[in-house]
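The structures considered in this document are given below.
Here subunit A shows up in two complexes: once beside subunit B, once beside subunit C.
Entry: the complex of A and B
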């Protein structure tokens, strides 16, 4: 049996190796941002004694007259139109409570949920009783978010959304998921990925045929082939290494990272040195692609 | 104790410090990737670890919220989990495989009776590792000292966190002392401040804490275990540095009121010095993350 030993080594922070500095105005709580009263205060600030004071540690963003401080990492703050992946925590009367890594549990109303077969009809009392048959505690779903009073309200109006079958869930910070036009990606390496805006990322094997099924209610429990499973594991490790090195997640960065990791074994990707190497390569490729 | 001179004639303490000098402080943020916020601090030989979850949905009785990884191996954790499940509470242990929250939390979802409609609930738990003191001592979870510390931490942080911004949710702060060499309350508060900042929870200001004592007419700042055990008066102060407001002031000893002013001033100055250091740590952390994320 091969054994590996590693000794603790002080590693230089990565930002030094990148050799660049940030142009943003960074603040910590208690810092005065400005004493000018003409500004409106946004998130991350509060008014104290005629001064605008920061309440989180992050960078100051100024849009015309609005000043806000964007924290480094926060829980998910819902916005209308976001795609999120969530886990059912409770089944209540006429609605489900979904955990989406936000400050309160999100709500999925029965009326916002697709019925099997995609039928459009008024939800009856029988539907209410059969709620547990559709989604139970612990199920994962992908939904679209509609922001309301403080708790995010979810709905699955199209058949694209619904219960998720077999796959791997990766939980990252919401601030690392880049906003794009579409969050459902079929990667050429052989797996598909859903990048939820709330930081929950779902990796699953690409279904062979895109059937117009009942919003994914029938769980596909066929065994997944070894090759597919290897691709999914490798993708998951790549995402973890991107997150550890604080890189934004989107389909191109994940794909480049996957390709950079191919020479290594799947389990080696999680070692710090190899992680840095792979992410450096990804960064370079992304820079070349832009410039 | 005969022969132990807490303050020498030249003004040096037992460990060679001056009266108002702090011990060496080293701190790091973001040590646990799984938690919303985490921090580790070393003040001399006192080491404390703080973990913050939240804001999240308010759950039921969260007094037993957390099992630290080095405690999981004992049968105590299993017995405790069995008890919870036997009482009909829905409890789940997050493990590395299931939800990436590596053995760090036992989340109890129960009644929402504790949620406050207009602000967030701050729930603090203090625990001291069995290996933290000179003699290995098993501390049960609900014992008096932990509860009292938890309550004090809660008072401190309710004063500093802007709870109005997160109604009906709950913020959990868990602090663990890994090595106790005096000034444990101060180390806990400092670690928890960094952890709360790491989690992105809005706070009025830093909360910086330090202990102080009084020996031979001189106020000493940042007491070590030897100085605390000598039996003199000890004061613990938690301060919001920018405004100078006091979040918590605690003393349980006899001190003449003429001396109180001096001891308080020594503690306040020490807390401000701690703030300088913590400020530097946070700025460094934010700067590094900002560089990595790119513009």
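Entry: the complex of A and C
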């Protein structure tokens, strides 16, 4: 058995470790961004005393004449077409309430949900009564987001989405998930990953039969093999170490981090010094790859 | 206890993993997460400690005040425990129940003669004694609260410095208590026999040590075993609505004793190392 106790070590600031000046203009609430009145103000700013002042803590983004501040730590703000992983919190009449780490609970209407077997028909009263049979409190689903009036509305129109089976959920900040063309990745190491835009990351064993996807209603509760479990645990620890070092999450960064962590034991990845070493190596490889 | 809701499939995954001795974060059934211990973090207490066990964050402060001894134990001082759950999950009154449960457990494990030598806390029999008020503050809850709290309490008691006092008798017989002039002249408590709690959660057919919140949601019954550094069990308690059969209780107790001895050994070495660094040690505190 392993037991490790240590004294805490102060974290070194990021620029010291990287050895380069950060080019981003970081602000905190109350900081003046600019005194030039020619700019239009965007999200995260307000006008006060002839100056443009930041109202959130983050980095300043400028697009021609529009200045906005992108917050570093925020709840998920839905955009149309995002892929989201959520957990059912309530079963109501004709809809489910889903928790997606946003300001308001998201809503999944019964009419927006796949029926088992992929049938397309009008939802009847029996379907309403059987809602709890499809999805219960605590179930995880992967859905597409349709943004409307502040609360995110979800739908699972294709069989690719739906209830999730066995696997591991990791919750990170939404700002760390990079926007990409696809969020469903089958990694070559043997597991698959869904990078939800809301910061919920789902790691699961790659299913062998990809042809028929039933939207997850046939629950596969067979034990997952030990080799797959090791891959999943290693991926989970790698993702957590990337997040602790504030690196963006996308399939390449996760894969490089996985490969950098192979010489270490799975449970050692979360130790601070090994975490730093692995993420440094990942950062190096990503910089080399870029150019 | 704060808990997360999990889907059936997630619970099945966790249970099968435990059967094969590979938990979600790669640990075995008897491995602890990395623990960070720091003492002397709060300056206006007699002793304090902060323990971080994964996502669980505990702060303990010990204040020594003068009081009157209890009637049935006139030659001893005593300890008072108070636990405050300040995490957002326990908004308002929610944390009170959990706080009283933890405080009662702490009273029970310290309720024997050998844990802390209470006679050293006595100043003059039947009149004055030291009362140690131990305040536990739960900063973040990430599973396995009892273990982290007991480690923090032991570290804080080790760090406690009680000023040395002398009782002077006047000619008329009135007693005066004199504090020594040297601020570093103080008595330290011996924490050799202070027990630590090891929580063993039963998941499926096996039991795990140091469960995270997700693992606690899959376990129906747990056993809290309070173990001293020599492996002596001082107190045992079962929590949860499931049942445990006597053989598994025996196995869990043996595991608890084994794990407890290693826990104590690590804690001793860390706090001694911290003390040997002396005043030159770089304090991390809360802004590290």
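The rule is simple: the second predicted complex is superposed on the first by the 272 of 291 C-alpha atoms of A that agree within 3 Å, B and C clash if a C-alpha of one lies under 4 Å from a C-alpha of the other, contacts with A are read in each partner's own complex, and residues count from 1 in each chain.
To be clear about the criterion, a contact is a pair of C-beta atoms (placed from the backbone, for glycine too) under 8 Å apart; a residue touches a chain by one contact, two chains touch by 3 or more.
Being a predicted model, the structure only gives us computed values, none of them experimental.
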Subunit B versus subunit C as contact partner of A:44, first or second or both or neither: first
Partner chain in contact with A:72 - subunit B first, subunit C second, else both or neither: first
First (subunit B), second (subunit C), both or neither touched by A:11: second
Which of subunit B and subunit C A:247 touches, first, second, both or neither: first
Contacts of A:265 with subunit B and subunit C, given as first, second, both or neither: second
Contacts of A:129 with subunit B and subunit C, given as first, second, both or neither: neither
Contact residues of subunit A, present in both the subunit B and the subunit C interface: 89, 169
Residue ranges of subunit A in contact with subunit B within the complex: 13-15, 18, 20-24, 26, 28-30, 44, 46, 48, 53, 55-59, 71-75, 89-90, 99, 103-105, 150, 169-171, 243-248
In the complex, subunit A residues that touch subunit C: 1-11, 87, 89, 136-140, 164-169, 219-221, 223-224, 226, 229-230, 233-234, 236-237, 265-267, 269-272
Subunit A partner contacts - residues on subunit B that touch it in the complex: 33, 36, 54-57, 99-100, 109, 162, 166-169, 197-206, 240-243, 279, 282-283, 285-295
Residue numbers on subunit C that touch subunit A, as the complex places them: 5-10, 12-13, 16-17, 19-20, 22-28, 30-38, 52, 209, 258-259, 262-263, 266-267, 269-270, 273-274, 282, 284, 288
